[in-house]
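Below are two complexes that have subunit A in common, paired first with subunit B and then with subunit C.
After this line comes the complex of A and B, so read on.
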């Protein structure tokens, strides 16, 4: 039995909710917490906040947004972007986050994964992977919100990160992100096949059928959505009903 | 102290703001503290927790809060352990080696089996929404923490280890993960623990917190 989670992903720049294409060309959408609250009221299972410029400009804290969200939103919140140390994690959790998502610093210093997992539990340590397809069935890890290549192979990296204690993988396809062309199914499938921790597929959700495809074919454990919710092309409730009608086990409210 | 006062124990670990906000949202007046006197004088206490068992117990032990929690529990006033806070109520845990717990409810903490009931690998940690079930031999939740919950309602879990109580009378609710029974709520008199996060379980979770602050 798998309980598939529907997750709203909110990319943040400064005080704004933004959305890009291939993690670039960011457009301002509006207030992060107005959107988050709407998704919560519609029955979203989790919320991910990603600070899109934190790695580039240093830690541009999401603290205030998360603190404010924690007043009215009672589903799990993952916060990522610019997490560099155990102190950063501790502070983020104290603002009301439940998990942290780490990408750039984990690549630069993989031991941070082990340190976070040991100190806060592996369920708290989400490895964020930004993957770019380089040849059939090969993807490269990017950092700094898709700006910087690393020459790391995604499949090797997720295995190593799992060994180090990553409890979950947020897998973003740079190629599909913001395109509405559907998820990178081969990527998701390749990662879910190799790791035993849950995988959140992110990047490319254009319509409800993409959700079914990434869960059934890609074997994703959770699906992150942004654009489709931000532009009100779908509601959480409709997606949930659709998933249930397709035989996908989601939370039945 | 009035009826809706809740003290949340701060032992230097995890996600205290969410628990506090959840309780406040339900109308509680919340004090987050590590002060022994305030804890002992509380009308109800929450022992929260996110993270590793050994770190949690170290956090309690180094300041003597382990004794405070046990003394408070002996007073008969309501004590709610959440997630790691629930697991620490038991005698011991096998997480990262042997670790002694508070021993307030007989039982131990073990790893969730990596094979499901069909002997296939399944995902660990157990992350996500799962529905609350009545254990065998229990017919209803009246008078328990889940007084207002309907069997089948879903709450949010995130954990790699699970509580195994020694006696079925302490088993209040289960959930099924890969066909394996996992303790969702355990209790012994005034001492209650829930594995899931009520403060992260939307309306169902808030209903549970609301019931707790009115116990």
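After this line comes the complex of A and C, so read on.
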């Protein structure tokens, strides 16, 4: 079994690190790079930068933040929000990102997934999915940071995206996001069962035990954390120790 | 610039605030019991530097108000009314949305009061609104009285208000303002606590510097003289479909009665620095409040004012009458509270402000018993020439915040 990756997720709006609840009510937390650096120094495995309002405003303003992060931070960085074209991808990679995450534009134009995978490789093409539970075992895909419905079924969508070349799935539960009430385990389980690419579970981590639950029950390959780190409710070190104590393989540092 | 006729006594030249996105067309709250068709509206004041009073008040709020002193004032008020004998000591009107959830929950669990929350029912509950309402009481741990007025009359009044004033929410606002003081009087409670002071958004700023609501907003002398939906109650009764008894919930208590009972109406927003987004965080944590499953039509947000299917039509009518839709109200508030920049606000207004509320259109038409064409005819009657012009058969706003 591969190591389970611990990932810090930084949602960005303008120059600020922000945090919402159900992706709404975006509260300003502080400087993105100060937080990223702290997580890096604590031994985080990867970092995700997500411009959460890029689609809403039709812009992408992460360039400077990513460039400056790339100077000090030497773990894989995934950057998402407002990626609409191959040019956006090359620009983002040039700024220092290792992978891009795409949601809204992939929904509007699924061929973009294939194009990115063909040109830059699947390992670089992360499909970001904002999932909302609509009935037991059914989830709908949302875009624009959880604002707009698409009527796409999450399970059908991730299968299709995998066929098109998505190399990884960042799976965010809108229902759990920001609530500290634990991950949507049935969602993660349903997706990990159906796709063979790695799945990053995101949204709802309230305490370290949620980490074990989503890995053991949900079979997540990686865990994205925001609230729990931003509000300093846990440190990366503690979470790593906890994971090891639960028999979960994580990077040994 | 040629000046076109402005309806409702609105300023003929449209100005946008230099700090937020509100325009000088924004009306202040009126005394709804006497709101007539042709009355000139008081609007938000702009200072000579082009900044609106709501932004100016916000500056004051940030800099000059000593909030710990205000909290002490609050404690004085609460201590005066607090009871420990098993009776209610404060009435909190609200719907279980984030603001009333916050107000009622801090009063009970932070300040040890014994609130009775009272709700004037929405026209038509949305699913999420009903869930949040229930969660407010079940998870938040509060008592509530849900007051639902006679739907036949309420629908009739809503229709009148739509057709005569293009203000379908007016009867609801009337009821909502009365219910607090009314229940206070009935339960022998002397204190009514609302959340946010509407003056923050551009009513007379002087009202921001007193903690209580003017009794003119909820008292009247002769009920037959009351005007609802642009019609006098006496006139509606003469038609023969309703009698005075049907109007019970709309008849506000008299000033004398309230004074006699010693009822005082306060705003928590006077004592606590009010931030709608922080209320959302609080309500989410303490009363199980949930944001909507998708953004509300006409704006980008999904957590405010989501309990009524008809709500979007309130903002749609303000767009028609004043050129100010829901995204403008939301963005202006968020700019003031430092959540977004003005530039972002302008983008959001351009993107969402004029969106037609399709989702519950059918429900609205059914509620007010109008056909689609009657709806549009009414709407078009209220497009003030100084705001709207028809270009290639399509109505366009002459002045947009994005062009200013």
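Keep in mind that, in the parts below, the second predicted complex is superposed on the first by the 253 of 253 C-alpha atoms of A that agree within 3 Å, B and C clash if a C-alpha of one lies under 4 Å from a C-alpha of the other, contacts with A are read in each partner's own complex, and residues count from 1 in each chain.
What we mean here is this: a contact is a pair of C-beta atoms (placed from the backbone, for glycine too) under 8 Å apart; a residue touches a chain by one contact, two chains touch by 3 or more.
On a predicted model such as this, the values are computed, not experimentally measured, just so you know.
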{"item": "Contacts of A:171 with subunit B and subunit C, given as first, second, both or neither", "value": "neither"}
{"item": "Touching partner for A:201 - first (subunit B), second (subunit C), both, neither", "value": "neither"}
{"item": "Touching partner for A:25 - first (subunit B), second (subunit C), both, neither", "value": "second"}
{"item": "Partner chain in contact with A:45 - subunit B first, subunit C second, else both or neither", "value": "first"}
{"item": "Contacts of A:222 with subunit B and subunit C, given as first, second, both or neither", "value": "first"}
{"item": "Subunit A residues touched by each partner, larger count belonging to subunit B or subunit C", "value": "B"}
{"item": "Partner chain(s) touched by A:187 [first = subunit B, second = subunit C, both, neither]", "value": "neither"}
{"item": "Touching partner for A:158 - first (subunit B), second (subunit C), both, neither", "value": "neither"}
{"item": "Contacts of A:149 with subunit B and subunit C, given as first, second, both or neither", "value": "second"}
{"item": "Contacting residues of subunit A [partner subunit B, same complex]", "value": "1-5, 40, 43, 45, 67, 70-72, 74-76, 93-99, 118-124, 167-168, 196-198, 221-222, 251-253"}
{"item": "Partner subunit A, residues of subunit C touching it in the complex", "value": "277-278, 280-281, 284, 290-291, 293-295, 300-303, 338-341, 344, 347-348, 351"}
{"item": "Residue ranges of subunit B touching subunit A (in the complex, touch as defined)", "value": "13-18, 21-22, 25, 50-52, 55, 84, 96, 114, 116, 121, 123-125, 127-131, 154, 156, 158-160, 176-179, 197, 199-203, 205-206"}
{"item": "Subunit A to subunit C touching residues, read off their complex", "value": "13-14, 21-22, 24-28, 53, 56-58, 132, 142, 144, 146-149, 178-179"}
